[in-house]
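Here it is, the structure in full.
Letters A, B, C and D mark the chains in the order given here, with residues in each chain numbered from 1 onward.
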Amino acid sequence: MHYDVTLDGKTRSVEIERVGEDYVRVVIDDGEPVVVERRALSGGMSLVIDGKSFDAGLVKREAGWDVSILGVQHPVEVLDPRKKALRLAGGAGEGKLKSSMPGRVVSILVEDGAVVEKGQAVIIIEAMKMENEVKAPVSGTVSGIQVTPGQAVDAGAPLLTITAESE
Amino acid sequence: MHYDVTLDGKTRSVEIERVGEDYVRVVIDDGEPVVVERRALSGGMSLVIDGKSFDAGLVKREAGWDVSILGVQHPVEVLDPRKKALRLAGGAGEGKLKSSMPGRVVSILVEDGAVVEKGQAVIIIEAMKMENEVKAPVSGTVSGIQVTPGQAVDAGAPLLTITAESE
Amino acid sequence: MNLRPFKRVLVANRGEIAVRIIRACAEEGLETVAVYSDVDRDARHVRMATYAVHIGAAPAAESYLVSERILQVARDTGADAVHPGYGFLSENAGFAQAVIDAGMVWIGAPPESIIGMGSKTGSRQRMTAAGVPVVPGTVEALHDEAEVLRVATEIGFPVMLKASAGGGGKGMRKVDNADGLVSAFRSARGEAKASFGDDAVYMEKFVVNPRHVEIQVLADGHGNIVHLFERDCSIQRRNQKVIEECPCPVLPEETRQAMASVAVKATGAVNYVGAGTVEFLLGGDGSFYFLEMNTRLQVEHPITEAITGVDLARAQLRVAAGEPLWFKQSDLKINGHAIECRVYAEDPEANFAPAPGLIQDYREPGGPFVRVDSGVSAGSEVPIYYDPMIAKLVVWGRTRQECIERTDRALREYRITGIKTSLGFFRKVLRDERFLAGEYTTGFITPEFLEDLEEVRSDEVACIAAAIAQLDHDLKPARAASSGSGGSNWKRAATWRSTHRMR
Amino acid sequence: MNLRPFKRVLVANRGEIAVRIIRACAEEGLETVAVYSDVDRDARHVRMATYAVHIGAAPAAESYLVSERILQVARDTGADAVHPGYGFLSENAGFAQAVIDAGMVWIGAPPESIIGMGSKTGSRQRMTAAGVPVVPGTVEALHDEAEVLRVATEIGFPVMLKASAGGGGKGMRKVDNADGLVSAFRSARGEAKASFGDDAVYMEKFVVNPRHVEIQVLADGHGNIVHLFERDCSIQRRNQKVIEECPCPVLPEETRQAMASVAVKATGAVNYVGAGTVEFLLGGDGSFYFLEMNTRLQVEHPITEAITGVDLARAQLRVAAGEPLWFKQSDLKINGHAIECRVYAEDPEANFAPAPGLIQDYREPGGPFVRVDSGVSAGSEVPIYYDPMIAKLVVWGRTRQECIERTDRALREYRITGIKTSLGFFRKVLRDERFLAGEYTTGFITPEFLEDLEEVRSDEVACIAAAIAQLDHDLKPARAASSGSGGSNWKRAATWRSTHRMR
């Protein structure tokens, strides 16, 4: 199986196959193959990679897995060829901005058609008594605003769309 | 529903019905009915009985439930009418003695037809480097010895049968 | 033990502090009554208490803050004492008084003390009168430019102009010397007028590179007041503490003594009873100024417990029962070093945005001198309605170095999945040179510091784990019957590989 | 820290002690290599270590005791030190020597010290020569009745006759006075001959109402030896400790000093390096006698850590690295009180029969001054092959009373389901009057004591919970759609009931 695995903006190409009940063969970015022993355990898995032991917590997300190692979380995106094709067909530059937390929309700082910079605050959502800025993940043009001030939103609720500038 | 609930040799007659998603009405031994709020949680349940809060760990056993409360385990036997009828039909006085632990049979101290007293050691099983006596749970006559010295046994493996003296 | 004037304590709180108080009560042989809102029925404090009663809807204003409802529950359940924890009703003098009027014991500061320390202006005046140093400056509005110049010269530059009606930085100006003072006064006034409809502006000395240092005090009703040394709470985000330690790594012994004796004086000035905290700003020049007194048990009390051995929650119960303190100031010594990390359900990389949600897996660290106070377990839902703090990791060491090493070890063992938390952020702080040197101020956490946690991440392993998880997920039905040669042969081969290819 | 002569430690053990050592190494900045048998692949020590290597089949004789295999793994993984924990190879002088010969650091007692303390007869002679008090008596076989009478008169009644080749109580006779001595000698000899084919019998003073008290020592390779006070380990079953506490509740200060100085003398007599324990019998009359020296870290070391603040596992690492002790005897003080409960997978009501199996739910207690060292988690299988100890609960308090109250609180929070454990038994011990008074001996646990745990059980609640669980199980598909009136109405009604019918 082949996956594109992305963490912190860096995508790795991973070729992976099972080679025994507890063993998996992994090739990253055309490097040397590594045999990984993995044991699925409650809440995660234990891995022995080239003799080194790792205990990983795992939670399935829509686009991949949250991996916890040594107290630190790693939100890893995993794309298989089919999903990758779909995404490419859907236009790589368009991104739906979603609420990362349940809360209440306090104000919307942009209008339809506005051009925003990456990192610019576009919406303010209140949760747990605090106002939190939702920032544009890419530079581009705002469209399809789906919320209004005062509205309650769940985590993952779509807020608006930002179409990236063509490069 | 009606259950016979036995703990530490004492049997309680329990009449029980659901009266709402989180509520159960319980009558013990024809006493005053009590409404219990219970919430199933991972590994057990939280109960509020007449305002009092209890956190119970629960493990299903063949004959009932192991209930853990405040660090203490309660092996509770629960019989419904059907099981009770079966048991009565099967002869109340006959008991299959089972191994309470995985281990190795060291020696068998009785023969077929032997008359044993309650509490008398009948078989010795070694587990975790220690020899452990398996004792007769009732006074009666031994039959159907199913193991031999040196044999490995799992927890719950039948060892022999003791038919209680008729009263 | 059972000669106590109370035997059943209603705990008017939730989360880890409710659990903390229930533990203290259990050890003292006291029964407890937990209260809970709609979303807290399955919470740990409910399961651990002797009694549990539902008090209302999820928003605190409809449950944990409804003093009448809580009082009614106390009456109905036969509770004869109320412990408010921190937050919620803990510094509400009216509630304290109502508990007392209902004939129950209030396990907190006397209502008069709460009132005496309640308003910034009032407590400042009271403390000044008691000879406690406050940040130099005015309390009343400045009338004109001449007065501004006079006061600034008196207290010394740099100074801070603040809008009396203010907040959120509006109408606030830092002034470094006399040159810019008058224009800053004018513009601050203008902004204050525009923002709040009130142009009143006052002036305080600007404390350069301040640390937040506080003194724990404990007073019985018999005239005995002791202090339990200081806590340094300078590592803050959004003006909220995230890591605390004691003792303060840079406090000279004479300053500690001076600060502690001022704290005891402040405590006596408001006829305090119980556990309380006197907060100070400590300037880079060693000067310190009274900030405020928290008339309740503090979130970070466990680090003081760790270095003194005094169980402050149990001490609250005993003092509230009228017992005199069972130790003297001279019995108390600083033993070693302690650090607390407040574990929040939040995303440090997104400027600490709250991250409520369902905790999937939850495993606390253990072993020597590691303590966790928490209100959650695997399967807990962190609600959006309350403070996002879910646990506190408290670690003790014989030395600060040992304590830091142990805290990092504990953080590496800690597993919380399903929600984002501050665990990784703590690991980064513990590697920071300023933190290791003890040389930090309240400005420690900068936007740059937060940019990312790469140095404590395990990116490649995480990618491998995610790819394997995805593979197992995609091939789920085929889990047992796998491709390639037999499992046992591969096992041997791979063990061999592992052994021989190890770096 | 990294000037150490080693940086990667192979931990030749499993379970909680392997976890303990891995934690100490992590705090010292050292990497670790875990080894595991077939049944331990998913164990906690494997998941926590830096490296993990399979070493063989489940029986210890085919894995954890195979010194050659373990040495090979150490070489293959580049380990430069080996920590043996306790049990297994920890007191195997041959293994220690092999580790040293392989050019690695042995984190344990020097092979000569292990040998010096290894045999009962040898260590007894060596200790006598060093002036350490041993149980009075002979070591060689008694020749005739005249000698028997002479020796008995010398050491004083009561005395114990023991078969030299003996064990299991065969050929053993307690004699209270001269009247029965000769006949007891004859029958002991006869039984010894019959049982072991050897009629050699020797005599020891019978210590009346003994307690088991031991002194923790720590020695560097530079001539510094300190003691870290005593532990009382008298609460035993099957001659195995189950609850330990320190300080000993009945030890007078002068006896403590005398015992400690004897322990330091014994330690010096065998050129000891590292952490060790000198065990004594303490008689009801205040006399004490050397029993043996355990040349390794002891199971119950955490209670000493709790009252001294010294991390003994880290101390072992430092001393093994050649560092001199970084504190003096006079720096050590007894701070408060500590109790350890050894949590076994066993059934106290069935004479502590081992109860291996699958742990379903596992939740450790937390909060102030509570420590758990464990090697398991939810979903762990406790194997039948090894010692059934799965965890140690270690609790500290300012006083013994506070410590006992807190230990009981912690036990009530502890949840282990799926297997039987000693948790309920501990709760009963903590309520026992002899224990509360501190007045107990090694004979504390009697068959009657074990009969049942009714006083700490919650029978009625357990029956209700079981009945409800059975109901939910039987009606499983109907869980949501329930009979009777709507949920919310019932909720209100029941809350009202709860409130008004509370006792």
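The rule is short, and it goes like this: a contact is a pair of C-beta atoms (placed from the backbone, for glycine too) under 8 Å apart; a residue touches a chain by one contact, two chains touch by 3 or more.
Just so we're clear, the structure is a prediction, and the values are computed from it rather than from any experiment.
Look at the CA centroids: the one farthest from the centroid of subunit D belongs to A. When the interfaces B-D and B-C are ranked by C-beta pairs in contact, the top one is B-D. Annotation: 32 Å between the Cα-based centres of subunit A and subunit C. Averaging C-alpha coordinates per chain places the centre of subunit A 50 Å away from that of subunit B.
The distance from the centre of subunit B to the centre of subunit C, with each centre set as the mean of the Cα atoms, comes to 48 Å. Annotation for subunit C: residues 48, 51, 53, 77, 378, 412-413, 491, 498-499, 502 touch two or more other chains.
For subunit A, the set of residues touching two or more other chains reads 42, 48, 51-52.
Against subunit B, in their complex, subunit D makes its touches with residues 238, 347, 350-351, 353-357, 360-361, 378, 384-388, 411-418, 420-421, 423-424, 426-427, 452-454, 456-475, 480, 482-487, 489-491, 493-494, 497-499, 501-503.
By the touch rule above, subunit D contacts subunit A in their complex via residues 34, 41-42, 46-53, 77, 378-379.
Partner subunit D is touched in their complex by these residues of subunit A: 39, 41-42, 46, 48, 51-53, 55. Interface of subunit A with subunit C (complex): residues 1, 3, 5, 7-8, 10, 12, 14, 16-24, 26, 28, 34-38, 40, 42-45, 47-52, 54, 56-60, 64-74, 76, 78, 80, 100-103, 127-130, 132-133, 155. Of all the residues in subunit C, the ones that touch subunit D in their complex are 19-20, 23, 26-29, 48, 51, 53-54, 73, 76-78, 302, 305, 309-311, 313-314, 335-336, 363-364, 366-374, 377, 396, 398, 402, 405-406, 408-409, 412-413, 491, 495, 498-500, 502.
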